[in-house]
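The next part holds the structures, each set out as structure tokens.
Below, chain A partners chain B and then partners chain C, in two separate complexes.
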Partner chain A sequence: MSALFARLILRPLWADRGRTMVTLASIALGVAVIFAMDLAGEAAAGSFRSSMETVSGGEDIEILSTGGLPADLLGRLSGLPYPLRYSPRIEDFAIVNEKRTVPLFGVDVFANALELAEAGNRAEPKLTEAGQRGVFTTAGLGRRGESIRLQVNDEAHDFTILGTIDSRQVSGDLVLLDLEDADLVTGRQGKIDRILVTLPETEKAAVDQWAERLRQGMPEGITVRPVGARKEENRKMLAAFRWNLRVLSYIALLVGAFLIYNTISVSVVRRRAEIGIVRAVGGTGRLMVAGFLAEALFFGLAGGLLGLALGRILAEGAVKLVGLTVTALYVSSTAAPVEFAWSAAAVSLGSGVLVSLLAALAPALEAGRIPPTEAMARGRVDTQLQAAAGRQLAYAGALLGLSWALSLLPPWGGKPMGGYVATLALVGAASFTAPSLVAFVGRRMTGWAGVEALLAGRSLAGALRRSSVLVAALATAIAMMTSVGIMVGSFRETMLTWIDRQIRADFYLRPAGEAAMDRHPTISEDVARRIEQIPGVLAVDRFRAYSIRYNGLPVILAAGDVQAQMRYGRTSLQKGDNADAVRGMLAGEAVIVSEPFGEKHGVKVGDRITVPLGQARPSFRVAGIFLDYSSENGYIILDQSVARRYLPADEPSNLAIYADEKADRAALRARIEASYAPRRIALFENRSLRNEAVRIFDQTFAVTYALEAVAIFVAVMGVAGAMLALIIDRRREIGLLRFLGGAAGQVRRMVLFEAGLIGLFSQLLGVLSGALLSLVLIFVINKQSFGWTIEFHLPVLALLSALAFVLLATILAGLYPARMATRLNPIEVMHEE
Partner chain B sequence: MEKRNLTGCVAILRIEDVSKEYVAQGQRVVALDAVSLEMAPGEFFALVGRSGCGKSTLLNLAGAMDFPTRGTVRIAGQDTGRLDDAGLTGLRRQQVGFIFQNFQLLPTLTVAENVELPLLLAGLRPAPARARAIESLAWVELDGYENRMPHQLSGGQMQRVAIARALVHRPRLLLADEPIGNLDTATGNLILDLLRRAARDFSAAVLMATHSPDSTRVTDRVVEMRDGRIQ
Partner chain C sequence: MTRRQWLAATTFLKAIPGWRYEFPRDHFSHPAFRTEWWYYTGNVADAQGRPFGFELTFFRAALAESVERRNVWSTRDAYMAHLALTDIAGKAFYHSERLNRPGPGLAGVDAARGRIWNGNWESLVQPEAHRLRAVAEKFSFALDLAVAKPPVIHGHGGVSQKGPLAGQASHYISFTRLEAGGEIVLGAERFRVRGSAWMDHEFFSSELDEKLAGWDWFSIQLDNREELMLYRLRQKDGAASPWSAGSYVRADGRIEHLEAAELELEPGRKWKNYPVAWRVRVKRLGIDLLAEPRLDSQELLSKAKLTPSYWEGAMVFRGSHRGLGYLEMTGYDDRVLFTRREGVRK
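The block that comes next holds the complex of A and B.
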């Protein structure tokens, strides 16, 4: 059996090394992308951890509250008759030496479990030596004795590094300082962000009971929960993002599947005579099926193993891209080193093998059906396929209908499963249309378009089996590119329209540094007051954001000046009545929520929601739902007067400044800048804020572009490989053309025409199916996964450039096969048996 | 001044002391050894001999598909050794028609498209090319077969299409490599008659390589080859 496999399968694969390599490479790339994205995604959601989880310890329970815990709570807890250890913490972010943003922790240094890297640091450090404050950092931020500048909120502070932390204990860089110093630089005014509770070893198993016991007697706004909860929340929060990333990462393998199908079916056609002979001398049909499936298994396994190695390398780049998206959309994250995960490797390799086997099933079964002694001509097979093209068109229609029906289904298990299957059905519909399109246009090519076009068209229509599969493969990649392009373009356009409508203030202020969804550094209230006094300033809208948990998921609770917003900003609601919302919010009985919040938590106008605010847990009526594209987690907005009732001393995170139309903007800007100097505050004019939003948006979607590029690369590579195979199989025809007076240039042009026609057919199918796919992506998958309402826009210029590039790449892919074709010796090929 | 043959006609094909050698697996192989041959318009020669005696090599040299190692090949007075690839292609387009043993029709083209192919490759516009293709098909008595596909034809019909294609550009030299090798006797005879007619009607010099001694009965001369030499 193994000898047969070697002779009938491996030997021809070796003989056709070029195409074997291309097929292996396509599977390898497909598997590599899946593996790389899985490793990167896992890093982002799991071991990657939120930056705030980075300091590891043996704590079991955490106590936290929106806006911070009261200072006296620690005393109250310590007074309880429990054998527990309490570690208070202030948690924030600091910009180190005006470059990187790292987590900053205020802890009781002496009680902390962290061990310092240098043995000498074990001695009790003096935190206030000779008038300068001291911090501990990871080794990546500096060495002992060096000075370090930390910007926290809108102020910079100079510190001396007293010691470095053993980096094995933490994930990524961080700064650690004494609780008192942290209170001073963060402006917490005695409040603590978290109290971590360590249970005795004997009580570790009873963590839930202890959490419940501590909850007794606590103000209702305070959350007491096991420490692992936040990690689980992050995992839940990132679930939709990761899931969609994973689905997107399978596109390259899907394109690879077409190439496997193409390779195996060409093998079957080429070895038809051999198959007939083997059957005649006693080989069974089952043996033939097994043989060709073994060929596919070889591609799946060998390509898959190569893919795992490549994926491990790609993961390093992918983790950066995914990290950018996670930070921009969800949570500040620190990239942990990528580790080879066996479970992810098994899934990726398994996907490669499974897809290879499924793709090879139809041609392998066909090989098994070839009657003994019959060695049929290739032409007959393609004629059969041409005859079947009409039936395939009917399948395409049925799949189109199916995808429409599937896209109407509600989410299943929180995931848009109907939408995903609808996209597959659409890809299937496009693939089944390919033979009809190639045959129809190819057969109608006449000498009017030039003899090269005639020959190219007929050749494609004649070799329908392989040409239509190539078209289907490239069309799939183009469809994905088009659909994601339209979806991202529509999203971008919708967001810009939203920004133009929503962002009406003239100047925006926030503490300098990279923005992130879970970082809410503050601006001193003094600054806001000084700006209010500047002539030409009509209003200063203070916006304060807090990261809170709602139904076990992170949400941003924000307080703003509703009157200023309504008067100058002209915020309009997607659902609900504006006037009623303003009245309700000012009266402190209503809030408005963003669309993603409403979708994710099933909240409608008129519902009541309870949110943790300080030590209370008030309930509000949802008076309206507004469009928002800045956070996938969602917003709950209340009026600042209401927020102050629960969190009286809090300073704003952002300021929106409305200026008099007649005011000199440059002069006004200078006065505003002067009002906050030397505080480290970033000022954005309306236009630059818009640009900043676009920059973050583009950065967020960089990962999708990278995935599309790989799929297109696989498809174009497949075209090159398959064209080469086509040239080898048609060498006698090419030789004949030379006998009939064809010039070398005409042969070259014919091959390039073929490549170009494959590109054109693929573009036609890809763009049409891609446009339909984009509807599924925008209105089904996006809506059910993220809850955003996106208006359909066609990014014509971007799409045309991408398509022109793909067409050019396809034609370029024909260059080498064209060169091969012109180099064939016509005499040799005409006299070959 | 163009040389004339014994009958006084300008030779369309003149092969003078031509040798062709090549190296196969490190060994020097002499495919043709000092061969000379001359054909005038309207002449029909049969080239006979065993497989490997050099018939096909001689046809390839005569058809401007290859260069001799020594000697000269002139087609319509042009020395093929002095032409580059483009020059040889031009010469084939104007002067040479090929017929093969296994017909060599492009399976993806219709009968008419196969026939007009040399004209289109030579740059003729589609309408006149199609008119001439239909004319050529009529000459081989395949009127009405224009839109059929090759797989819908019998072997004899396919070879007639191949002859129509070889003659569509009115070549002065028609080279046929075992044209009846794949046909039964009756069909083979029909094809031989057509070749004879081609020599007569179009004044084409027809050089036919063949295994079959019977096929030499319609030819003007039988050129026997053995081990790369003309006997």
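The block that comes next holds the complex of A and C.
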């Protein structure tokens, strides 16, 4: 048996090294992409630490509140008769020396001095250093004694580095300073962002009971929960994002599956004679099936193992891309180091093997059915396939219908499962259409481009099995490219339209520094007041954002000037009545929410929602839902007068300035800039804010672009390999052509025509199915997992250029096989028979 | 200018004769002085006679004479506190320390409410009793200490002199007999206890004289309702300083001051570096006592380099009289609480 396997399977594989390598490489790439995306996803979106988690010791419970906790709460807690340790924290971000943004922590240097020295932890300052105006940083930010400039909100402060923190204890760079200084630079005015509670060793298991005990008598706006909750929250928040990444990564493997199918069926077809002989001397059909499945297993395992190695390397790059997306869209974070996860490795390898076996099943079964006598009768199977093409078209129709039905399903467990399966069904439908398309067009190729084109078309139609599989593989990759391209393009277009509608103010101000979803640095109120005094300024809309939690998920709560918005901006509601919303918001009984918030939390106009605000937990009517593409977590917006009731003395995070049309913009800009100097504030004009949004958008989709590129690469490589196989397989036929007087140039042209035709067919199928896929992506998967309404836009230019590139790549992929074909010595080839 | 010199140049008040004591005001904080402490120690036992020793100490150390108050976290005084429980029958010693800024009510002294506290360790000082409450990881207690004798002011002219220079001294007040009653919770067990406690309150601005290594301090409550407080200031050469002193409190509350020459203190058996057993003699008063610790290992071992370790434990006294009390020995690990800290880093 093993000898037979070696001779029947391994030896031909070795003899046909080129094609074997291509198949192996495609499986390897598919597995590598899955593995890399899984590892990177885990590091950047799973076991990552949000920047605020970078310094955590053995704390068990956290206490927090929108807009901060009053310091008195700490005093009250510390007097309770419980054996607990309380660590107050001020948490913010600082721009270090005008370059990098790092987390900034205000800690109680006094209380920590004893405890941390006790634990042998040198991360914390000594008492003798307390009271000095200085900070502690990780070594990456400077050395002891150096001075360091920290920009927090819109102001820069100079400090001396009193000591460095052992960076092994934290992930990523950070700045630590005493609460007194932290309060001053962040403008907290006595508020604390979090109080971390440490339980005694013996009570660690009872964390929930302790949280409940601490909750007693606490104002209801204050959240008390186990420390792990934030991590859980982040996991939950990122679940949909990770799922989509994962699904996207499997498409590369799907493309690989077609190539496996192709390789194995070529193996079967080419070894019909050998199979016939083995069958004739007593080999059973079952033995044949086992043999070819073993070949597939070999491809799956060998390719898969290669893929794991490659994937581990790719993950390092991927984690950066995924990290960018996570930070831009969700939470300021530091990716965890990429770790080789055995479970992820098993899943990736398993998928590779499974897909290989499934792809090989049909050709292997066919090998088992070959009767000894028919072994020599070439071409029979292809005839059968042609007969079956009609039936396959019917399958395609059925799958198309199925995908339509699936896309109507509601999300399952918060995930667009119906949508995912619908995409598979669509890919299937496209693949089943391939044989009919190739046969139909191929047979009707006339001599418009010469006899070579005719021959190319005919031979593709003749070798229907292989050519249609190639077309299906390439079409899948193109469909993916097209659909994702259309989706991203539509999204981009929708967002731009929205921005144009949304951004009506003339100038926007925010504290300088990188923007992120969960950072809300503020601008001093006196800046806003000064700007209001400038002639030519009609209104200054203050916008203040807070990160809060709603139903265990992060949400942005924002307070704005509803009147200025309605008078000068033109925020219109997607659902709900404008006038009613304004009235309700001004009266303090209503809020408006963004569309993703509504989708995610199942909130409709007229519902009531309860939000934690300071120490209270008021409830509001949802008066409207507005379109928003800036946050996946969603917004709750209330009027600033209402926010001030619960969160007094808070400064704005953004200012929108509406100017008189007649005012000289350049002069106005100069006066605004002069009004806040030397504060660290970034001013955006209408147009530059738009560019900024586009930049962030593109950064967000960097991963998607990378995944697409891999799938296309796999497909084009597959076509090259398969064309080569096709040529080798048709040596006799080509030899005959040459023998009959075909010139080398003609043969080359014929091969290139074949490659081009494969490209063309794939494009046709790919673009069509891709357009359908994009509908599923936009209206089902996106809507169910992110909640955005995206208008369909065809990014024609981008698509056309991508398609032209693929066509060119396929023709180029035919160059080497074409050269091989012309090199064949006709006489030698004829003598082989 | 070193920090030491700078501190010397500040104008903290010195403990010099002439302080006019006024109670209850002087039971509370004296921010004009640099350092201040409130020290409770006591020996108690439950109804079955199971004995315990306890210590609860509050320290205040001014970081600077005046500090600009920029926000709630601004800190002029650092507050430290020590808590210890000696389970004599169980042969176990538990102790815990904490350091806090006043912040939003984290630690401090509030004369108006009669409260001296550090987190959930507190003493409510009322005219008739001091109520102690303290919670640690392994134990907690709530003890009411009824004032059985009026406060004693040690030394001459209201000053307990500890060196040759003016101001090398402290204002030193003691409650030498407090009747203790309350509850001790140790692990899962609760004990209703009764016994006797002692409270010391000192405030001063000076550092310990350069020649001194530390001190050995005794509080002895004799069963004839008389009390003896004495301390030996130990020079670096090992000899007793002439500034060592003591006080004897008669049953009726009369006080006799004891000079260094009258005190005969002989260290005996050692545990680690500490001479835990002593012979204490004051011939004039007919006192000749053998002092033994109720448990050897009563060292408040500081794991942090920030604060020194010292031994402070429950003692039993036999001989001419019988009694219970506490012994404190500092300077055996080369660091003395507060007073020498700056001296270490020049």
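Worth pointing out:
Methods note: the second predicted complex is superposed on the first by the 805 of 833 C-alpha atoms of A that agree within 3 Å, B and C clash if a C-alpha of one lies under 4 Å from a C-alpha of the other, contacts with A are read in each partner's own complex, and residues count from 1 in each chain.
By our rule, contacts are C-beta pairs under 8 Å (C-beta built on N, C-alpha and C of every residue); 3 or more make two chains touch, one makes a residue touch a chain.
Just so we're clear, the structure is a prediction, and the values are computed from it rather than from any experiment.
In the superposition on chain A, contact of A:Ala743 is made with chain B only, not with chain C.
By the touch criterion defined above, A:Asp38 reaches neither chain B nor chain C. Once the two complexes are overlaid on the shared chain, A:Glu595 sits clear of chain B and of chain C alike.
Contacts of A:Ala71 after superposition on the shared chain: chain C is touched, whereas chain B is not. Of the two partner chains, neither chain B nor chain C is touched by A:Asp541. In the superposed model, A:Pro200 makes contact with chain C only, not with chain B. In the superposition on chain A, A:Gly190 makes contact with chain C only, while chain B stays out of contact range.
The touching residues of chain A, counted against chain B in their complex, run 379-380, 383, 446-448, 451, 454-455, 458-459, 461-463, 732-733, 736-744, 746, 826-827, 830-831. Residue ranges of chain A in contact with chain C, taken from their complex: 70-76, 78-83, 108, 110-111, 113-114, 117-118, 126-128, 130-131, 178-180, 183-184, 189-190, 200-202.
The touching residues of chain C, counted against chain A in their complex, run 63-64, 67, 70-75, 78, 97-101, 103-106, 117, 119-120, 122, 133, 135-137, 140, 303-307, 341, 345.
Those residues of chain B that touch chain A in the complex are listed here as 56, 60, 63, 65-66, 85-86, 89, 92-93, 96, 98, 100, 104, 106-109, 113, 116-118, 120-122, 125-126, 129-130, 151, 165, 169.
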